[in-house]
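Once you scroll down, you'll see the structures, which are given as structure tokens.
Below are two complexes that have chain A in common, paired first with chain B and then with chain C.
== the complex of A and B ==
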């Protein structure tokens, strides 16, 4: 356990090595949220509701999805691709530590820092902008939203790891990663709630695992899902986690057989 | 004139090398292109979904909103087509390789700004221009003057975008920070996907004059649709010119601070 706590501390130090870079990264997070926030604020200028959303629920959705996204999708796993293509994976393989646990620890460090700073930044935005936000007072949606975030977090770890492990077969994983970022930008619900899209597009997108990274936990928090929808969503989420975990483990086993330590 | 021709030939050479490099791996190029197409399609789907619930948003119709969005895309893609090299500048400064650029008999700014065109953006640009022409013909409300004003203001928007990229390069020399700065610029320009006069004050004022995203993206589209006031048509190029002169001054200052630390 001490080893992994040390890895968490080292990851924090690594993240803050270039201070200005670190500050600009956080500025970027705030800017991204503000861009979406101002867009929705403008859209509500002449209307009370859009689809079934009031200004209060949509602004809460935007700000909360920022915190959820920073926690769920905050990861160091994307470095795995370069680790493999440069042959640096050999360094990890000869150490008496578990590869997946090392990256789980690094992810934990990233997520904790993201969560801490994300809450402060959103609190600052709330105090400056004073938007009408929806505060959930029921305990049940809060607990279930927490569970949904946990499912999304594990799922995203597997998803990002699968992208990294592609490097066993591809010389460059940047292009698939770019495609993945574009997909995540829209299909997680970062820009807009997925249920505003027309049918059957909306239903199709909600069948994909991406909604668990942002949309589903926030909808649970807002209390806009029925008990059946929440239970069904959790069950499908767990199945997706199982499938992605299996794919990840299989890729790791097969990839290691192919790995030749090129570049070392 | 001779100097201009020389730089144009130089740019063609650098661009052709960059095109060959980028298209070397067809699989990766295809994925990048697919990503760009998807990003465009997703936002159009979002806009269409909004208009399914409201025929007019912020005083604009669906077709007008698409013209704003396509103008944003044309400008954004054109700047990426020409200025992709900016994204590769940081390693050059950190490693000291920028010294090699400074010793060459050409403008260092030209080399680090326009030395690596992106072919994929060229394909996307054709798509956006084609779609814009199609929508404009469908609307059938444009005149020669509005098209001429649009092109003039689009060039002005490109000049302002050039200024922003020069500022990012200057900041990279002074601080070695580029990655997030250029992405913050990209994030901010995203606000130009819809007309900036839709935003509340003071955001609208900031986006028009302090961070001239409105001048870059909204003003040309409004000119095309005949919605621009004459004084704005005259003021925009003046502001664009002032902005680029300021950015060039900042670049000169930054260059004087370059310490060649890692070489």
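== the complex of A and C ==
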């Protein structure tokens, strides 16, 4: 355990080494949220409800999904692709530590720092813009939203790792990763709640695992899901985690057989 | 001038050859670029399905704005942004010397070296969408409006370039500032939506974002015949100021380039 705590500390030091660069990364996050926020704010200028959402619930959705996104999708795993293509994976393989645990520890460091800053940034936005926000006071939705975030986090770890492991077979994983960013922007509900989509499309997208990265946890927080929908969502989420974990482990085993440490 | 055309022709050919060398990559780039464009248009379609107008912009006009944005950004990413992105690498690895030693203007050579032909798919998509919408909205185009449209597109291109360059110049002082590129891509997204959308932002934020909101709004207003001379003069003045500022910061930053790690 000490080793992994040390990895977390080292990752923090690594992230804070170039502070201005790190600040730029956070400013980018704030800009991203602001554009979406103003888009929705403009839509509510002439009406009180929009697709069964009030102004306060939608603005809460936008700001909260920002915090959830920064936690769930904040990751160091995308570096795995380069680690493999440059042959640097060999350095990790010869160490007496578990590869997946190392990256889980690095991810933990990334997520905690991002969560901390994400909360500060959203608090700043709240104090500057003073939007009407919905505060959940029931304990149950809060606990369940926390569980949904945990499911989304593990799922995203597997998803990002699968992308990285593609490097065992592809010379460059930039293109599939870039494409996945585009897809994620649409399918996670970062720009709009998925249930405002036309019905067949909405149902289809909610069958995919991507909703667990943002949409599902925020909907649970807002208390807009029935107990059955929440329980069903959690169960499906856990199944998805199992499937993605299996795929990730299988790719790792097969990839290692193919790995030649090229570039070393 | 002839020398520059000759250099650019050779660069066009060299970039085309690079493109053809990695065809699978090109395919992925085209798919990604198209996905970005479709995503943007779909969001506008979705959000305006129950709202007839947003800040005086009708649904059709907002979609036209999206079409013009895609045309604009397609050209910008094809011919300009990739170069500015590339400068960051050149500075970081201390390879900017090779650019500076060439017998052409350093600012120009760093701006034209790379061409990302795959991004032109966004231009094609945006142009197709714009033509369809103009036809659907029964907007009749005159020669003067088309000329004015392309003039504002060029001005917008110059403005966005002038907005990016001072930020890129910062990398000379701090070569590890790689996230600035991602921030610039994000800031460019501000121009996707009408200027009026940001009206509620605090003044200190608007001051930074205002030039960007003019970039797409102006040419679109020309097409829908909502053009105003006051807004046009605003764009021209902003372009001049930003252009001079960009040139000054680039020259100033170059004087501090130490060629570290080369």
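Everything below uses one rule, namely that the second predicted complex is superposed on the first by the 264 of 264 C-alpha atoms of A that agree within 3 Å, B and C clash if a C-alpha of one lies under 4 Å from a C-alpha of the other, contacts with A are read in each partner's own complex, and residues count from 1 in each chain.
Convention: contacts are C-beta pairs under 8 Å (C-beta built on N, C-alpha and C of every residue); 3 or more make two chains touch, one makes a residue touch a chain.
The structure presented is a predicted model; accordingly, all values stated were derived computationally and were not measured.
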Chain B and chain C placed together on chain A: clash or fit? clash
Contact-wise, after the overlay, does A:94 reach chain B, chain C, both or neither (first, second, both, neither)? neither
*asked:* After the superposition on A, what does A:260 contact: first (chain B), second (chain C), both or neither?
replied: neither
Check the residue A:43 against both partner chains and state whether it touches chain B (first), chain C (second), both, or neither. both
Based on the superposed arrangement, let me know which partner A:128 touches: chain B (first), chain C (second), both, or neither?
second
Contact-wise, after the overlay, does A:25 reach chain B, chain C, both or neither (first, second, both, neither)?
both
After superposition on chain A, the chain A residues reached by both chain B and chain C are 18, 20-21, 24-25, 27-28, 31-32, 35, 38-39, 41-43, 45-47, 50-51, 172, 175-176, 178-179, 182-183, 185-186, 191-192, 196-197
Residue positions on chain B within touch of chain A in the complex are 25, 27-29, 31-32, 34-36, 38-39, 42-43, 45-46, 48-50, 52-54, 57-58, 175-177, 179-181, 183-184, 187-188, 190-191, 193-194, 198-200, 203
In the complex, chain A touches chain B at residues 18, 20-21, 24-25, 27-28, 31-32, 35, 38-39, 41-43, 45-47, 50-51, 171-172, 174-176, 178-179, 181-183, 185-186, 191-192, 196-198, 201
So, in the complex, the side of chain C touching chain A is made of residues 24-25, 28-29, 31-32, 35-36, 39, 42-43, 46-47, 50-51, 54-55, 174, 176-180, 182-183, 186-187, 189-190, 192-193, 196-198, 200-202, 205
In their shared complex, chain C is touched by residues of chain A numbered 18, 20-22, 24-25, 27-28, 31-32, 34-35, 38-39, 41-43, 45-47, 50-51, 128-129, 172, 175-176, 178-179, 182-183, 185-186, 191-192, 196-197
